[in-house]
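I have a structure here, written as structure tokens, and I will follow up with some questions on it.
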Amino acid sequence: MRKKIGVYICHCGVNISDTIDVEHVREVISREEGVVLAKDVMFACADSSQKEIIEDIRREGLDGLVIASCSPKLHLFTFRSVAERAGLNPYNYVQVNIREQGSWAHSDNKEGATRKAIRMVRAGVARVARSEALEKTRISAVNAVAVIGAGVAGMRAALELANMGTRVFLIEREHFVGGRTAQWGDLFTTEETGKQIVGRLYESVRGNENVTLFTGAEVVKKEGNIGDFHLEVRIRPRYVRQPCDPEELQKAIDVCPVEVEDEFNFGLTRRKAIYRNYESEYPRAAAIDEKACTRCGECEKVCAAVDLGQKEEKISLNVGAIILTTGFDPYEPQPGEFGYGEIERVVTLQQFHRLLEMNREKLLFRGKEVRSIAYIYCVGSRECAANEKCKGTHKYCSRYCCTSAIHSALTARKKFGDLTVYHINRGIRTYGKQEVLYEQSCQAGDLYLQFYEDSFPEVSRNGSGPVIRVRDFLTAGRELEITPDLLVLVTGMEPRREDHIGDLMKVPRGRDHFYNEIHMKLKPVETVIDGVLIAGSCQGPKNITESVKSALSAASKAHYTLRKGELALEPVLAEVDREKCVWCDECTDACPFDAIQPVEYKGKKVASVIQANCKGCGMCLPVCPQNAIELAGYTDEEIESMIDALAEDL
Amino acid sequence: MKKERTIDVIKKERKVPEEVRENLKKFNRIKKKILEALQEGPRTVPEIASAVGLSTPDTLWYLMTLLKYGEVKTGEPDEMEEYFTYQLAKKK
Amino acid sequence: MNTMNKGSYDALVIGGGIAGEEAALNLANMGYRVLMVEKDYSIGGKMIHLSKVFPTLDCAACITTPKVSEVARHPNISLYTYSEVKEVKKTGERDFHVKVVRKPRYVIEELCTGCEECERVCPVVVNDQYQWDLVGRKAVFIPFSIANPRVAAIDIDHCVLCGLCEKVCPAGAIDFTQKAVEETLTVRTVIVATGYRLFDPLRIPRYGFGRFPNVITSMQMERQLAPTRPYNTVLRPGDGKVPDNIAYVLCTGSRDHTVGNPICSQVCCMYSIKQAQLIMGALPMADVTIYYLHIRAFGKGFCEFYQQAKGMGVEFVKGKIARITEKENGNLILRYEDIESGKVREAEHDLVILSVGVLSNDEITSVFRGDTLETDEYRFIRQKEELSSPALTSIRGVFVAGAASGPMDIPDSIMSAGAASSEAAAYLTGDRK
Amino acid sequence: MKQQERPKILVFSTEKISDPAIDMAGLLKLHYPPTVYTITVPCSSGIKPRWIMHAFEKGFDGVFIAADGTDCPYGESCTDKTARVVQMTQQMMQEKGLEPARLKMAAICSVCSEPFVRQMKAFTEYLSRDGN
Amino acid sequence: MATKVRPELAKELKRYGADDFNACYNCGNCTAVCNLTEGNENFPRMMIRYTLLGLKEEILSSRELWMCYYCGECSETCPREADPGELMAALRRYAIAHYEPSGITRLIFRNNPLYILFTLLLAVLLGFFLLTLKPEMSVSRWIFERIPYEVIHNLGLGAFVFMGITAFWGVFTMIRKLRGKRVNQEQGKGRFTKAWNAFRAMLREVATMERYRKCDTYEDEYFARKPWYLRPWWIHWSVMWGFIGLLVATTLDFLFKDPATMVWWPSRVLGTLAGLLMLYGATLALFYRILRPVKTYQSTKLADWVFLGFIWLAGITGFWMEIAVFAGIETDFSQIVFLIHTVISMELVILFAYSKFAHAFYRPVALYFSNLERVN
């Protein structure tokens, strides 16, 4: 079918016509095959011209439109909407850029510019003659989101989505919500403790009819694509029913013969196989540690709420998007790293936070009062900066630890009176307003020593306590010795060590092994897997505020993608010619978006494009040995006809 | 379609401050001098400055403004490769 | 001034920088009708003027311009540039009365095609604020090449009323009869994304800024490194010499009680490191020294970026510059204590860049009537629940995005804008707590 | 007249990155020969070798790929993949007796107008020396 | 060998009047903004560091302490408001207190209320002692009726001797410590010439205050905009030389009895000029301390008030007596004024040994050692 094409050539005031002989171009083009109408206009973008174009399209019944004017970056959408208003498919419109790449670029060569313009417009006409009317594909989308991980980031994302009207499934691996924040006591910039924030958020989550919370739950299977994911979730039993009499529970805990390290206190204390995290934990119900429990049944005898007969459940969820807020693990120092594990009075920052929480009047560690504390910074962060021999792999800065350590020192002073505090650091990074904390700490009398990039403090033993030797950068390299009552290793953040969910979702990791976003600035919470978003510290070290910000960002992205219940996909998508395809698998390798999968066709395996995942980049085109893939809007026919037109002699 | 020139309307309402006029005169004067100095061939900023009798920072400012509006273009660097030379964009 | 009633919007976004854009786009994509008010001639904020961004070194324009044009053409966003919010008054939940003044640019926006004909004929030259005074511009001018809207404006204060622009304008877009127009509107929620101000180094006379032409600010260097740079290459403004020994003075106006700003500006370390890398690329023979107190390379990829700069040969010296003096040849002597050796040293450089800090931009608080928009002790917008709801302000229904609430880098600003938009959307839905 | 029209260069630019740079070259009135023609595609790694070969067949003297480089909105793999396209095509060119240097690639960031113009001038110069 | 960190010292220093130095974040601004630092003389930051780490010996053996004239630029521009200048002052007090063996200075400097009582009592004693030299005056007679002449005379003598010994001990201790710190301890012939040169340079500084004048070199500094006669170095010069002049005049007076009535007698003229000079300096200094235009004057300690007040009073009472003698007013009132004058003068002498005033002999020692390093 031959198209009826209308061509408009814009003077752009004099911007184009000063250099290009617009009238001549128009004349040449009017003789082109298929061109039923060729006009020159003073300003194509002006309202009056737009109206004129619409009238022309309707009157002449045009089914192809070419406007030669400025760059499509400026007015492609303007003229596409002109086409649409006139009832013409917007993809049957082509804009030819004879200003930025014509008159302006070649204002020194009028003749050349005019000839170039003629060829360019011809190419546009050739393209339109072969262009297909494309429609945005609409696929239905479930307005529901699975948020995986119920720390502050997860709970905030869930709440916000729910408040905006999206259904949320909040899936937590542990039996208790709150993640790392629950383990922190006092927090910087607020009077609230970590527990209180967790408590408040948990209450909001519980009271929100749009959120369903699963604890002890893990996603074990993921299928589908954006708008329509199918998740299978395994829910481990708690073995403790609600309501549960607290006295009976206490008895059950007392009789339990199994004792294991308490992860909540980072191994500082031990707990039973039936346990609770803390007084006001969320949900307020004890749980039995499946792995540790020997099923001896003692607890069942003294506590009516215990039910060892509970079984694991599996549920299926259908969601439109997934937000991963799986958090981080604190760095675990190597045995012997700065005396860790070898000298008794050496703890990690996280353990120290717990110590601050657990002690009341005096700061006690293993029965002895602590009056002086030394911190060694950057343990497990900024490794190998200057040292080639270093074996560590954590080259990144963990961002939160400087502030967290300083804050813990100030909290300790507030709680336990005047202490002697040494901060053996590598350059304090209390960025932004956190700087005031650093200043307060100095004023309170904390002493800051700085070690060199390539010379670490040495820790040796003196009885049960540590002796630290450090060359102090700030005192012209003098070697100093400190014998604190307690050494705190300021350990940073690591990606989750157990991370089957990341593997399941196929989320790419960055060089630091944290989840990687597509683009730090343009798409900071999106991953290359459409519909899978990341937020919080699973993406990289972040403090609470930053985690929450990213969580809320992810919530807004997820919400606006799904809210209409359908997704409109750009029609510029790859298409596979099933006849030609021999399924060599090259295209799946080339596609960074997991958008190509094999399907059966006429008894053979052929490639098929998952439209929801395809971004229309065309990366699969050149790799196909059969030339079986084309990109809509950029077909061989279109491109080659353009080349013909551009190459043609005048 | 052509409406009345609006400049005439505003001229009745606004007075042009003296310093704005002075600024214009000064610019025209300096522009003329710089372009004259460049008639003889490519020059560096300190050379232009001494020819024009202006401080080097001011010379640079005016020169770069002329460059921006296409009166002047950047030439080759001097022998020491410390300074660029500048020349007239159009032959007069 | 005429007052017009211009109807209602769901959200008012004050400020068209990267944070405002992100927040507006999110809300607009959710189907809300958004009004964005920007006081400058173009949206894009500070970011659009930057060279490249750390730590990825992609060009700032490549990242802003897509967002800028998306904002400009989004059917749900109305854009008022060169306009100021004069009054915001909360009259009830999800009901704010707003007054906006649209200042005259003396150019009819709809008609102007950005052809620059007027600029060519205008005889007046004044400092170009978009090049931070490094070069001149005309009295009628297109703010900068990637401005949006890319429309001319007349700087009437410097106009000699010659009328040439009107005579040559092919689109008949010049209109000297324009007057400021005040519009009253109602909106249901407000997002404050007014960004930040840069520290003015004139306040530290010891650094000689304003007296020594070869002492410049980091923003001026940013312009020199940008693709649309004023000098076509990196030159020192004192005499146009190609600099070969460049110093960065960090913490200029940050972490400094004597100028009333005790907090860290969070971005100066990284932008200086970035500029140092770009300079090394532009002038391979140049030495770059960064005088720092602490390198705050805390974000994703920052530490690696810092190491990369070291690897390229950028010199890092711990020590605050106490004083700068000028030599006859325009070179500068920097006096500092080299903390590593504990000794006073003097170093000579031929160009000094003051890495100026980030200050609050709190004028916006004065337009709120009735309820006060509270600020914190550093005059940034107070975040009512900084940890769990970072976008909440002291007024319910008014949210803060980006550097208006504190120093922030671009990813953080974008995230905080995301937070503001989702909080605003939840507020608009009528929250169910 | 016609010899002025040589050498003809076909540029493949990308919508979000290199084409804006080429636009800006015009905006800044940085001149380059009008015998440079541009076809814009979404991503430089999606250019088919056969298109390039087609251009040579139809009389283009040179083909230039203004690649996205690391700025590519479709991910970092773009650079490698574009390089592979070039490699594949150059092999095809060799088989057809075409000089591989007639196909060039360079990353052009979205504001790299000057580098683009430099590339165009240099390529034109190279091709005209080569052709005549 | 690693040095043990002793954080107690920082707390101890607070008692000597330094409050804010903990805030230091080691930017080095103070060291570099100071016009007096150079090459091997780097302060105050390193001194702050020594204080924080408790490196007592480093402090006591540092000549840098005395190279500082407290221009105040460091405190003025300290980004953390750590007031390094004040720490330097406190460290000087600390050093004086530790050089001086009797412990009296230590008592005084820790702002013990006993301080006022003790010094006043001592001053009264020594004032009375002076009167024993003029037993004919009616005030003297009145006193000796109540306390026996011999008691006062012998106690006073003893006190003078004690003071002399402790002062010398202090200076000796300082020299020992500074010698120990010297980098290049040369032997051989040249060293005497060098010592002589160093000594001369020290004298020149005392005479001209060349270094002190460097304080206000830059336009942005407060005093740089003032004429020389309103600058701190001139205050210091005039008080110091006024004081010395008066001391000389008094001695001459004492040696050549009774020229007191003759105004144009050379020692009289010297005394008048010196007195005026001292009064000018003291008045200006008090004025600045009340006005507090710069940081230096914002933390005036009790000891400073006492010292300046006494200088000023000594001057005023001196001139009153001068006028009284000249006009021939012989009343009880002028005798009481004379009593006050003697007591105050003695107070100043005591302060000489046990106070900030002691810098008058510690600083030259430090200058000497500094010059020694330099001529080397």
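All chains are identified by letter, namely A, B, C, D and E, in their written order; residue positions are counted from 1 within each chain.
Heads up, the rule we're going with is that contacts are C-beta pairs under 8 Å (C-beta built on N, C-alpha and C of every residue); 3 or more make two chains touch, one makes a residue touch a chain.
What you see is a predicted model; the values in this text were computed from it and never measured.
Steps from chain B to chain D, taking the shortest chain of touch contacts, total 2.
Farthest from chain E in terms of Cα centroid separation is D. Closest to the middle of the protein, by Cα centroid, lies chain C.
Spacing of chain C relative to chain D, judged by their CA centroids, is 35 angstrom.
Averaged C-alpha coordinates put the centre of chain B at 28 Å from the centre of chain C.
Centroids of chain C and chain E (each the mean of its C-alpha atoms) stand 54 Å apart. For this pair, chain B with chain E, the centres built from the Cα atoms lie 63 Å apart. Shown for chain E are the residues that touch two or more other chains, namely 25-26, 46, 49, 80. Within chain A, the positions touching two or more other chains are listed as 73, 428, 439, 474-476, 519, 522. Multi-chain contact residues of chain B, defined as those touching 2 or more other chains: none present. Chain pairs that touch one another: A-C, A-D, A-E, B-C, C-D, C-E. Those residues of chain C whose C-beta lies close enough to touch chain B in the complex are 119-120, 123-126, 134-138, 156-163, 166-167, 172, 174-177, 213, 230-233, 235, 237-242, 330. Chain D contributes residues 2, 4-5, 8, 10, 19-20, 22-27, 29-35, 37-43, 45-51, 54-55, 58-60, 73-75, 77-78, 81, 84-85, 88 to its touches with chain A in the complex. Within the complex, the chain B residues that touch chain C are 1-3, 5-11, 14, 16-17, 20-21, 23-24, 27-28, 44-46, 49, 56-57, 59-65, 67-69, 74, 77, 81-84. Contact residues on chain C toward chain A in their complex (touch as defined above): 26, 29-31, 53, 56, 58, 63, 66-67, 69, 73, 110-111, 113, 115, 117, 150, 170-171, 255, 262-266, 294-304, 307, 318, 339-342, 376, 378, 385-391, 406-408, 410-412, 414-419, 421-423, 425-426, 429, 431-433. Of all residues in chain A, those touching chain C in their complex are 12-15, 42-43, 45-47, 73-74, 77-78, 152, 156, 160, 162-165, 187, 189-190, 192, 197, 200-201, 204, 207-210, 382, 385, 395-397, 399, 427-436, 439, 473-477, 510-512, 514, 519-522, 524-525, 539-541, 544-546, 548-557, 559-560, 563-564.
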